[in-house]
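Look for chain A in each of the two complexes below; its partner is chain B in the first and chain C in the second.
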Partner chain A sequence: MTEPGILQVRHVFKAFGGLQALSDVSFSVPRRGIVGLIGPNGSGKTTLFNAVSGLFPPDRGEIVLDGRPIAGRPAWTVARRGLVRTFQVIRVFGQMTALENMLVAAPGLDARAEKERALALLDRVGLSRHAREYAADFSYGMTKLLEFARVLMPGPSLVLLDEPAAGVNPRMRETLWSIVRESREAGTTFVIIEHDMNVMMTLCERLTVLNYGEVIAEGPPEEVRRNKDVVEAYFGKTAERAER
Partner chain B sequence: MGEWVNGKMRKGTDAETAPEMTEDSVLLGIRNLCAAYGKVEILHGVSLDVRRGTLTCIIGPNGAGKSTVLKSVLGQLRVTDGSIRFDGREIRGRATHKIVRDGIGVVPQGRIVFSEMTVDENLDMGGYTVEDPAALRRARERVFALFPRLAERRGQRAGTLSGGEQQMLAMGRALMTGPALVLMDEPSLGLSPLFVDMIFEKIGEMKRSGMTILMVEQNAARALAASDHGYVLDLGENRFDGPGQDLLSNPDVKRLYLGER
Partner chain C sequence: MKESLLPAALAVLAGLAALLAYAALASPYLIAAGFTIVLFVTLSASWNLVSGYTGYVSFGHVVFFGIGAYTASLLAVKGGLGWPAATLGAASAAAVLALVLGSITLRLKGAYFAIAMLGASEAVRVAASTWESLTGGGSGITLPNLLSPRGAFLLLGITALGTIVLTYAVAQSRFGLHLLAIREDETGAEAMGVAATRAKTAAFVLSAVPAGIAGAANAWHINYIDPESTFPILLTIQMIVMTMLGGGGTVLGPVVGALLLGLAGEFLWARFPFIHLGLYGLLIVGIVIFIPEGLLPRLMARGILPRTRRL
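What follows is the complex of A and B.
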């Protein structure tokens, strides 16, 4: 028998008024894995992240983190159990400096160790020059990088990344994905929403594909890329190009 | 192609073979632009030309000042030095609403639409400055011809559109004034592969219909491939510029900005 994995989502439903945003969604995330979540805009990816991270409870279904049910638990409880996330629509504290934003998410070490950790992470994402500037003055891409660095600050066990590379310069994107790989080696598990298929093919061991709130495919990236429904709903010409 | 050092085009590049820039051929000309947010200066003397009927893109690292160039053109922040000429006229210091009337349209970053309003109402907002109802009607027809999907959804609330459709709506809204120049800030941001293809096709159609476009993109390789001319900004200064295809194949640009080895 294989290990059950760090996160299981079982038969989750969520509706907003008449819109069925998630419909019987099930998937599992292996410990120390990197799992990708793809699908057209509006297919329910972010809603799934919101339900899993405790922003709102699912209407039905189970969410199990590390063997403990978390469906309906508030976000702060979920975060203390080691599950943290970034937002597609960035959320940082504008009236705090980049460094202060990092320290807000500190794991509770001594002050000096926390500051060192914060500065090291900011350095990795190319923001050390801006550590003492207000986050409100950052460009969109810089804010994305700050949010990415901040999510790693507490040393989480499971990280949900919602389009972390959108708006980030191509060269820095590579750094960002290397940090993901390194953190995984150090024991962190990742679930990633990202539209760049070249990245997802090499980074993820498994992909789950959502369309209209339902899982339409699940499996290793190579297999998912060949899936006819996925090609039609999601890739369009990009898949043809990748085949060539 | 040219490489810039300390705000000046470096000698020995093919400046002598560059097409002659006349006042007529350049729709938007920016010279030595310096701009700041509060006390923090972001642009330290940026220059660029957008020629009529072309698609020009700006690429570069995060915090390079790409969006700041667009905001400066639109009069949305403090320009401390330099000149911005649009259609032969200085517009630096001019109020944003007047700049829109002058003929500059904008598609903001992050496909911002009025989510509680319908598609039609969003387009009305875009045409707010147009007084002639016949002109407005023609503009709407042009938008629907370019984006038939919007015509199908004209009574639908914008918040319920998919991401790609919202981006088309943001583009359509910018076209309601019949602008000579369209500024686009990261049109492909956060879109699925299918819609990225579609948006770039639409940008191509806009250009073929005679519009001039200045676009900021992080999807740098894709943007350069589609552009007549590209500028690379870094730390608030010009680093490279040249035809999109030339920049795409330039080893330094590839290594430093396209994330290729």
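What follows is the complex of A and C.
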């Protein structure tokens, strides 16, 4: 792949007080790919999403989306340039209906087209019957699905998903991953944080592994899985024991 | 959505007819009482446009009322303008002030914004009383009689109606949805591409205009303004209480709150001027404890009213 990726992260640093949450992180995301971001809890995955999506600026480093620098730009500018994300801690608007939640993220088409698009996406995640119900009345799993549908609403070019399947029932999880695959076929790029390695192995073309805020491995899933540092950091003692 | 505009249009026409009839028929006493009511409706509906929908509680909204009153009075007295042009001037001055204040204060988070607005309104009040060469300082400005009490009532009544219509339009729009998203989770809204500061500032400017016109109408009504009666903190408190009572972030909540409080004030506790403020205090506590979301949202949640952004 010689064509430059849709996203480049170069030498990004982020500290919270004395804690170095991201330390010289570089990685790039190929266009129309599905990239996995893995690593133990607290390794900096969410922080990386936050810095990339403009929630806060990185302390240092470059972030380039579609050839344009975005480090330090506010989140709404980044979103309007086609990069949107979901949150590990869900952030739907409880005092709005599912449909209204979708429309907040609408790309600015004519009203009817937007509504149709919103209803189609809600239908895709199995929420069409609940389109006019308030998100505050949804179960946790339904809220996750709503947030997932909403992130696709603006027709983004790059989507960051922070543990989208957590709390979603197994059947809907399958649906969720198949929507990711379909959207990728339609031209959307994904970066996914997800702990289920079986899912990540089959879904992602590439994996990037973080540990203590540093990238310790990157490459095709098979390769990454065999990487010793990764086995030690991510699969931890159980994996070592299993190998013995 | 088109077909359902009819009930709203009919309601507006009915409101207009009621205002005209009232202005034509009511006794001078009732005109004065009615003026207070439409003043309350305008002010609480204007406060609601920014604070009800975005959740950014302005403790200084009276500054737009005050700047409207002073601009209108000065344009009339020193500029020799008639009431229509002077009223337009008041609306513009309020809008410009909101743009300037908003682009500074709306970057602050909730509580800091509230305090900053309180500070801003007090600062403008002090400026009005110290800049004697322009404003006459503490002795105020006496106005020629440009508009009859009935005229002032009608002007403000139509402004009140216009503010409600404006709120209705905002509530149905994408812009309104963005404001509500900001109220719930500003960071989340921004992550979805909502330009929060811009949207808040726009709402702020929209909300300042009716308040500015109200300041002008009030000046036409009493033919006299001074800093103390033009920038009273009590008026901001009343806007907050009325909106909270009826329900912020709804079209009719602030109207309901203003009618309830306006009528109660007019006919019940106007006799006890000294405990007035205390009663507001108690009312705030009562609302926060018993109906924190306001009457209309409560009735909607109970299924007594339809849960819609149109009400």
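Throughout what follows, the second predicted complex is superposed on the first by the 234 of 244 C-alpha atoms of A that agree within 3 Å, B and C clash if a C-alpha of one lies under 4 Å from a C-alpha of the other, contacts with A are read in each partner's own complex, and residues count from 1 in each chain.
By our rule, a residue touches a chain if its C-beta (ideal position, glycine included) is under 8 Å from a C-beta of that chain, and two chains touch if they have at least 3 such contacts.
Keep in mind that this is a model prediction, so the values were computed, not measured.
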- prompt: Once the shared chain is lined up, is A:104 touching chain B (first), chain C (second), both, or neither of them?
  reply: second
Message: Output check: A:174 vs chain B and chain C. Expected answer is one of first, second, both, neither. What do you get?
response: first
- request: Specify the partner with more touching residues on chain A, choosing between chain B and chain C.
  value: B
Task: Answer with first, second, both or neither: which of chain B and chain C does A:55 touch in the superposed model?
output: second
Message: According to the stated criteria, A:13 is in contact with first (chain B), second (chain C), both, or neither; which is it?
response: neither
Task: Could you say whether A:80 touches chain B, chain C, both of them, or neither, answering first, second, both or neither?
output: second
Message: Per the contact definition in the header, classify A:93: touching chain B only (first), chain C only (second), both, or neither.
response: second
- request: Scan A:212 for contacts with chain B and chain C and give back first, second, both or neither.
  value: neither
- request: Scan A:141 for contacts with chain B and chain C and give back first, second, both or neither.
  value: first
Query: Which parts of chain A are touched by chain B and by chain C alike?
result: none
- line: Seen from chain A, its contact residues with chain B in the complex are 19, 38-42, 88-89, 126, 130, 133, 137-142, 144-145, 163, 166-174, 195, 197, 234-239
Complex interface listing, chain C residues touching chain A: 1, 174, 177-178, 180-181, 184-185, 187-196, 307
- prompt: Which chain A residues qualify as touching chain C in the complex?
  reply: 53-55, 74-76, 79-80, 84-85, 87, 91-96, 100, 103-106, 108, 111, 134, 150, 154
Message: Please output the residues of chain B touching chain A within their complex, sorted ascending.
response: 37-38, 40, 60-64, 66-68, 109-110, 160, 162-164, 186, 189-198, 218, 220-221, 256-259
